[in-house]
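The structures come next, written out as structure tokens.
Paired with chain B in one complex and with chain C in the other, chain A is shared by the two complexes that follow.
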Partner chain A sequence: MNVSLFGLFSVFVILLFIAGTYSILVTFNLIRALIGIEILIKAVTLLIILAGYLTGNLGLAQAIAITLIVIEVVFMVVAGGIVLSIFRHHGTIDTRNLRDLKG
Partner chain B sequence: MFSLLVLVPFLILVAVNLSKKVAPNVACSLTALATLAQAGFVVSLPGTLLKTNNVIFTWLPDFKLAIDEFSIVVLAAIGIVAFVACCVARSTINDPGQRATFMNLLLVALIGMNTTVMLRDIFSIYLFVETIAIISFVLISIDRGRLALEGAFKYLMLSAFATILMLSSIALMLLFSPTLELSGLAEAMSVYPNPILIKLSIGLFLCGLFIKSGLFPFHWWLPDAYSAAHSAASVLLAGIITKVVGVYVLMRLSLSIFGESLHIQAMVMAVGALSIITGAVLAMTQKNFKRMLAYSSISQVGYIILATGVGTPFAFAAAAFHFFNHATFKSLLFVNAASVEKRLGTMDMREMGGLSNRMPATGITSLVGFLSTAGLPPFSGFWSKFMIVLALWAAGKYFYAAFALLASILTLGYMLILQRNVFFGKLKDGLGGVKEVGPGLVIPQLVLAAIIVLVGVCFPFVLNKFIFPVQSIFLK
Partner chain C sequence: MMIDLILLSVLLIMVIWTVMAIRLVRSAVGLALTSVVLSILMFRLNASLAAVFELSVCAGLISVIFITTISFTRRMSKSDFKTRRRQRLSKFWPLPLIIIAAAILLFWRHFPSEVIFIRVPAENVRDVLWNTRHIDLFGQVLVLLAGAFGVVALFKENKK
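Up next is the complex of A and B:
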């Protein structure tokens, strides 16, 4: 990786962070919020690869990245199941319906 | 020997899932036996066995499992609370399919917690914390009720943020450390010239842990999740799961990584103190039994965090002691809540009153839990709070010491509101037919109450055998 490619990579990671945060902040849709989380986790995975590249510790970084992908899949399956059950109860996936618990 | 703590639950998990015919009650009994054996085995260990840095398993240079005096206190708490959750699940979850699911989740959570306690590198700790978090989403929403799903989703979103914070912190740690093993990390931190990067990485990880343990600025998911979850799940969550994934990991990291940094200590203590006061004040305004206990849990965890932030060996031992006591008295109060919910079918405190007359065992044990939470002698909670105040005073944090002392009056206040509304006084109209719950719930209540009283009465013995040895971790 030469310098310009490295800069491109870092900019891409930052863009992913902004995109993920933005998509969580603006939406009232549960699935879109999950997609935002997914984008953020992807950004962090790339950040770890970047850190591994900078310090020459790529072996550890790759091992961590692969483990993260597995964890992320499990997380998303459970989250998807919960969203599906919420949809069955409410008939919609709007976060504004989730206001029963207060106090 | 210690590998059995992980292997036995795993074997039970495989055995009960081999065939469809195994009744969930068999799984319940096996798990209850295993958890009791865990508590017994851990408690029976004489302190002298642990003179060396007890590494029990090494795979790669970076990956090892080790055990020390602090792990023993936590492992005992895990065993006790998991046993109680087993008993509660057996008598409150009626559907056999759901009960089998619950037992499977409990076993996986048990494996996860036992391993977390023995891990010594930050990425594996993150990994197991995440696994246990995913299990708790399913545990909260196990009966797929409307409220439970809402609580689970709120926890899920906050937990995802915690994940992202912790992973960013791990990425930053990779920048200055060749390894993620805790002692290697501490070494790399001490020689790295840029303190801002180090503080940033520790701060991000701490924020993740604050979310996971439900501390002050991030506390609002916790009452939702606890009050919406099934009784058995809320015993397990409130008693041990959030404590291990949040509080234990924070204490372990403070021990090995950021123990000497004054800024970080000040931040941890401030968060602890704010959690104490927020939890106690918000608990006073609650109308729902379990919500009130959840806010009380935030307040009590604040005490543990406050003592962890001091950074002296004595304060750390006090925090470990309060960790154990909190696990026992909070799960006792949640079992009381489960009994009341089983008989009344509601958690609204305005519909309760005078239940001590009809449910004597539940009433008396809740009184034990209440006095211990409020920190009245001779119950266990008094000694640990007393130790925390002493440790704060001895470290020169006079303001925090006075604060902790005054805040325990608030604790007494909200626990009195709870007792008066639910158990004391005249029996409310329409509750005449309420009977005491069956032995399935009375036995765990009595066991927990006995532990609280025994730890309180045999305080010198417990202190010398389990709590003071915790201080020796600092010397290694």
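Up next is the complex of A and C:
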């Protein structure tokens, strides 16, 4: 099988995307939804680094990946705080039981 | 190439384990291991600075955040766990099949073996961060501050 480095990595990036999206779509647990988002972000990070490696511009790719990681951390901290607040108010993190925001 | 294929396969297995694990703590550990494998891949792609960030921040800090969040929530009872396990297995069993089918399909109709990329003059990551993308650094500081204020606002105790 003759597959380039780009082909090999991009196939696995697509598979990571499928796993992350499936996780978000199927679960009702808010923490699992966050884990799904985290998997999607990891796929994007890998794609950015791969693009930088293949175009020879790893400096820019790493700078963007670092920015992405910083945003990812802040997002996870705030989202984790929101999940905890929801748990304190409702006693559950199952989205089927959270109906207070419904129109 | 072979090592990359092995590492990518391990990465995918870790992700599937993360998604399918019944206990949330195991999912968080799986996510940390995914980050570790991703950092090894980044090292192999010569992105050492981003790899160090991924290893320390994603495998370390984010795992701590997840495990702390999970530890604040309530543990499932044994009967709940059994029912939940059955529900999860029924919901998640298609995932490995979908991934295997997608992998076969993508490798079968694989991407062109030779892709021509326009190579641009390479710059050092430190030069890029401090000279070209220095506005990003201000953005990162602002995002970190916003995150800190967000956490303070979320965990503020009501004074009565």
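Note that in this section the second predicted complex is superposed on the first by the 95 of 103 C-alpha atoms of A that agree within 3 Å, B and C clash if a C-alpha of one lies under 4 Å from a C-alpha of the other, contacts with A are read in each partner's own complex, and residues count from 1 in each chain.
To be clear about the criterion, contacts are C-beta pairs under 8 Å (C-beta built on N, C-alpha and C of every residue); 3 or more make two chains touch, one makes a residue touch a chain.
The model shown is predicted, which means the values in this text are computed figures rather than measured ones.
> Name the contact category of A:A61: first (chain B only), second (chain C only), both, or neither.
both
> By the touch definition at the top of the document, which applies to A:L5: first (chain B), second (chain C), both, or neither?
second
> Just checking: does A:I82 make contact with chain B only, chain C only, both, or neither of them? Give me first, second, both or neither.
Both: A:I82 reaches chain B and chain C.
> Examine A:V73 and indicate which partner it touches, taking first as chain B and second as chain C; both and neither are also allowed.
In the superposition, A:V73 contacts chain C only.
> Between chain B (first) and chain C (second), which does A:L47 come into contact with in this model arrangement: first, second, both, or neither?
After superposing on A, A:L47 lies in contact with chain B but is clear of chain C.
> Would you sort A:I18 into first (chain B), second (chain C), both or neither based on which partner it touches?
A:I18 contacts chain C only, not chain B.
> What is the contact status of A:L98 with respect to chain B (first) and chain C (second): first, second, both, or neither?
first
> Looking only at chain A, is it chain B or chain C that touches more of its residues?
The partner with more contacted residues on chain A is C.
> Overlap of the chain B and chain C footprints on chain A, residue-wise?
45, 50, 52, 54-55, 57, 60-61, 64, 67, 71, 74-75, 78, 82-83, 85
> Which stretch or stretches of chain C touch chain A in the complex?
So the residues of chain C in touch with chain A come to 1, 4-5, 8, 11-12, 15-16, 18-19, 24, 27-28, 31, 34-35, 38, 41-42, 45-47, 49-50, 53-54, 57-58, 61-62, 65-66, 68-70, 72-74, 91-92, 95, 98-99, 102-103, 106-107, 110-115, 117-125, 127-129, 132-133, 136, 139-140, 143-144, 146-147, 150-151, 154-155.
> Mind pulling up the chain A residues that touch chain B in the complex?
Interface residues on the chain A side: 30, 33, 37, 40-41, 44-45, 47-48, 50-52, 54-55, 57, 60-61, 64, 67-68, 71, 74-75, 78-79, 82-83, 85-86, 89-90, 98, 100-101, 103.
> Could you please specify the touching residues of chain A with respect to chain C in the complex?
That would be residues 1-12, 14-16, 18-20, 22-23, 26-27, 29, 31-32, 34-36, 38-39, 42, 45-46, 49-50, 52-67, 69-78, 80-85, 87, 91, 93 of chain A.
> Hey, which residues of chain B end up touching chain A in the complex?
Contact set of chain B toward chain A: 62, 123, 127, 130-131, 134, 137-138, 141, 144, 146-147, 149-154, 156-157, 160, 163-164, 167-168, 170-172, 174-175, 178-180, 223-224, 227-228, 285-288, 291.
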